[in-house]
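For reference, the structures are reproduced in the following blocks.
Shared between the two complexes below is chain A, which pairs with chain B and chain C, respectively.
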Partner chain A sequence: MGFSATLSRNGRIALITLEGELDALHADDFRNRVEQAANGGQIDQLVLDMTDLTYMSSAGMRGLVFARQKMGEDIRIVLVRASDSVEQTIRLVGFHQSVVFSDEVPG
Partner chain B sequence: MKRLRLPAVLDSLDQVVAFVADIAHSSGLSGTRHRRLRLAVEEFVTNIVTHGFNGGAVDGELELLGGVEPDCVWLMLVDRGPPFDPNTISRPADLDMPLVQRRPGGLGLFLARNAADQIVYEHSGGCNCTTIVINRR
Partner chain C sequence: MLELTLVVSERSPMADNLCAVVNSDGMPARLVSPAEALAGWRAGDRTPDLLLVNAALNLSIVRQLAQRITRTTSRPPTVVMFAERDFRELEEHVMAGLDYIIPPFLPGLIGSRLVACHVRQVMSRTTQDIQTAANLLKYERELQIGREIQAGFLPDVLPSRSGWQLTARFQPALEVAGDFYDAFELLGGARIGLVVADVCDKGVGAAMFMALIRSLLRHTASYLDPGSQPAGDEKIDPGADAAVLVHSIATTNRYLTTNHLGQGYFATLFFGILDPTDGSLVYVNCGHNPPVMHRADGTQDLLWPTGPALGLVPESVFDLETTRLGYGDLLFIYTDGVPEAKDANGRFFTEESMLAIIRAQNSGADELLDVFERRLSAHVGFADRSDDITMLALRRQPEYRAPRGRRSAAATPPRRGRAVDGSRSARR
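On to the complex of A and B.
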């Protein structure tokens, strides 16, 4: 099924739309988008739209750690419409303390 | 029983995923259980390639065996990397720490063990044999 990560920007919000299956083969695509978002000017929020993300392994979790460490503690990381299984995995490894779950893309 | 031999490299993952899907579909596994099987298998394969074969070795071999039983499906990974018993790995110690203080790795086998209903390991004939079991209901 594959995976894609696309970056867009709305003022001080960077939005990365994740689609498909985020596994070890595609972890670098996600990481590269995070890096682009971090290098593209000052932002307040990094929003990850997970509406069409159907699978995430530990490779995706490493991407979230990278995102948090790259962005620093002051940038809000918002996960939008994560599926039950993705949200469960994120909670299982304790990442929910460092991100915000949301039902809609902040505007 | 199904069987597949692949080079021990990360690029084999697509074929591994297809092998898992084949077993899941032929056994009528639910979407959730299929995802759990896939997650556990991906994490073990990634671990074997990364740690057992130093990031990947085209002349290294990874063998997958899989089968469907009345109450479960199983998938066995066989490799000739250094002996590695996944049952000796403990729960990551930093699960309660904020992300800024986390080290990036170390979660894969934790997720795999959580996803699987059972993990059976044996070292036999110079091979690591790791079997992942998912109950069918």
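On to the complex of A and C.
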């Protein structure tokens, strides 16, 4: 039931790989990675690899909103391989128009 | 006074001498090497109440030693350093606040010095304990105050109407919650506003946004409300309730996205306005878990979102939807704490169980929420409650048909269970 968020960079793409359950306990880890990605130099896209993300609570959703704010309008946020339940959480809240869903990591 | 002193040092004439001096002052002492001391204590070993440590050992080792003893005995030892030759070795220990002795180690003097150090350290620990306890108490009192203030943001009583049952339950996971519910009269009492909301995340931050959002909604809803002005009694503009709904939702969203977007807080929310005379309900669902409309015939509809969560996207569009509660229909509005309540193994209560409970229940609103409370608490057991749980149930009582030939019985509506039956306070 743990959670991890790791950040890597590939040119102008920042990739954060999310694993486990993103709940209130771990929301800060995610936000810290987003902050690092935002402060690590110019990027065009923030890619969140959700292949191994099993659950996202509303606190995790808040991290996503935070990322949207932090990144500014012209940076795409791409969610890769979000599970049905995670995608449903995002769509239910109405945040799907602020991000892009994808089946593979761009770049 | 001191039951056992451990002299922690590699063997040396001075360490041997120090050990002998302490013993001769009537206090049992034993010499152990740092490695022995770190290796830990065997069962049956007596616990030292004082460590007399060679200053040649660096500070982190001294800390490890003290921690190890504290962990096994739950009583931290008094630590006193001694310098063998090089007094500069004492420096880091003295800076860290440790007591020390230096040669010559004279019988009589050493004994009384060690006792004095011990008494001083025990007393200062007691003071620290009291301070910690006091801080904790202050923190708990502040949270208690937070909880009481938050309770003031929930309605004292729910509006009641003849032929309707309205009831709600609220269980915060922590001392303060991000969930809330509300029910209040609108349009001079001709309509009833119903709100269930969930501010994302938990704790004090969510609680502050709960207070803000609740106030904004209620304030905008009642200020636009033409019924709040002393004019035209029974006449309500068609669409007046829709106007109240659209205005309060849009205003609240604009306020949040203008002033608080950077904080990333948002709220999912269901806001419905009921006309108790015909059962029609006009509503907006802002990204909230879809409330369940359970029909008297056993079918269920879900009232899906009509727009995004509040505070998420500037200038969002929120559509209005309408539905109607017929006789015997029940509307169940809830927050995700219900389907996502976790048992000790991390398993969710699930939406399926939730819908099944509603389907199986064919009595009053209160009874339904009682069943939910029991089932949820059985599911969660001794696991930590992970999320706030809020439920609101609105039921239109089945139409009362008088038995043929007994006309007098038809004059009064039936009263069942602990239903909130509002014959007392009709509209004002």
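Following the convention adopted for this analysis, the second predicted complex is superposed on the first by the 107 of 107 C-alpha atoms of A that agree within 3 Å, B and C clash if a C-alpha of one lies under 4 Å from a C-alpha of the other, contacts with A are read in each partner's own complex, and residues count from 1 in each chain.
Rule of thumb we're sticking to: a contact is a pair of C-beta atoms (placed from the backbone, for glycine too) under 8 Å apart; a residue touches a chain by one contact, two chains touch by 3 or more.
Because the structure is a prediction, the values reported are computed rather than measured.
**Student:** With the two structures overlaid on chain A, would chain B and chain C clash, or do they fit side by side?
**Tutor:** Overlaying the two structures gives a clash between chain B and chain C.
**Student:** Please indicate which partner A:Ala5 is in contact with in the superposed arrangement: first for chain B, second for chain C, both, or neither.
**Tutor:** neither
**Student:** Looking at A:Ala59 after the superposition, I want to know if it touches chain B, chain C, both of them or none. Which is it: first, second, both, neither?
**Tutor:** Both partners, chain B and chain C.
**Student:** Kindly classify A:Ser85 by the partners it touches after superposition: chain B alone (first), chain C alone (second), both, or neither?
**Tutor:** Once the two structures are laid over each other on A, A:Ser85 reaches chain B alone.
**Student:** Which partner does A:Ile43 contact after superposing on A: first (chain B), second (chain C), both, neither?
**Tutor:** A:Ile43 sits against neither chain B nor chain C.
**Student:** On the A-aligned overlay, A:Gln69 touches which partner chain: chain B = first, chain C = second, or both, or neither?
**Tutor:** Both: A:Gln69 reaches chain B and chain C.
**Student:** Is A:Gln97 in contact with chain B, with chain C, with both, or with neither (first, second, both, neither)?
**Tutor:** The answer is both, since A:Gln97 touches chain B and chain C.
**Student:** Tell me which touches more residues of chain A here: chain C or chain B.
**Tutor:** It is B that touches the greater number of chain A residues.
**Student:** Of the stretches 217-225, 343-351, 397-405 or 415-423, which one of chain C hits chain B?
**Tutor:** The stretch that clashes with chain B is 343-351.
**Student:** Across the two complexes, find the residues of chain A that touch chain B and also touch chain C.
**Tutor:** 23-24, 57-59, 61-62, 65-66, 69, 92-95, 97-98
**Student:** Going by the contact rule at the top, pick out the chain C residues touching chain A in the complex.
**Tutor:** 198, 200-203, 261-262, 264-266, 268, 286-289, 305, 307-309, 312-313, 316, 336, 340, 346, 386-387
**Student:** Across the complex, what residues on chain A touch chain B?
**Tutor:** 23-25, 55, 57-59, 61-62, 64-66, 68-69, 72-73, 85, 89, 92-95, 97-99
**Student:** Hey, which residues of chain A end up touching chain C in the complex?
**Tutor:** For this pair, the touching residues of chain A are 1, 23-24, 27, 57-59, 61-63, 65-66, 69, 92-95, 97-98.
**Student:** In their shared complex, at which residues does chain B touch chain A?
**Tutor:** Residues 10-11, 13-14, 17, 32, 35, 38-39, 42-43, 46, 92, 95-100, 102-105, 107-108, 110-111, 114 of chain B touch chain A in their complex.
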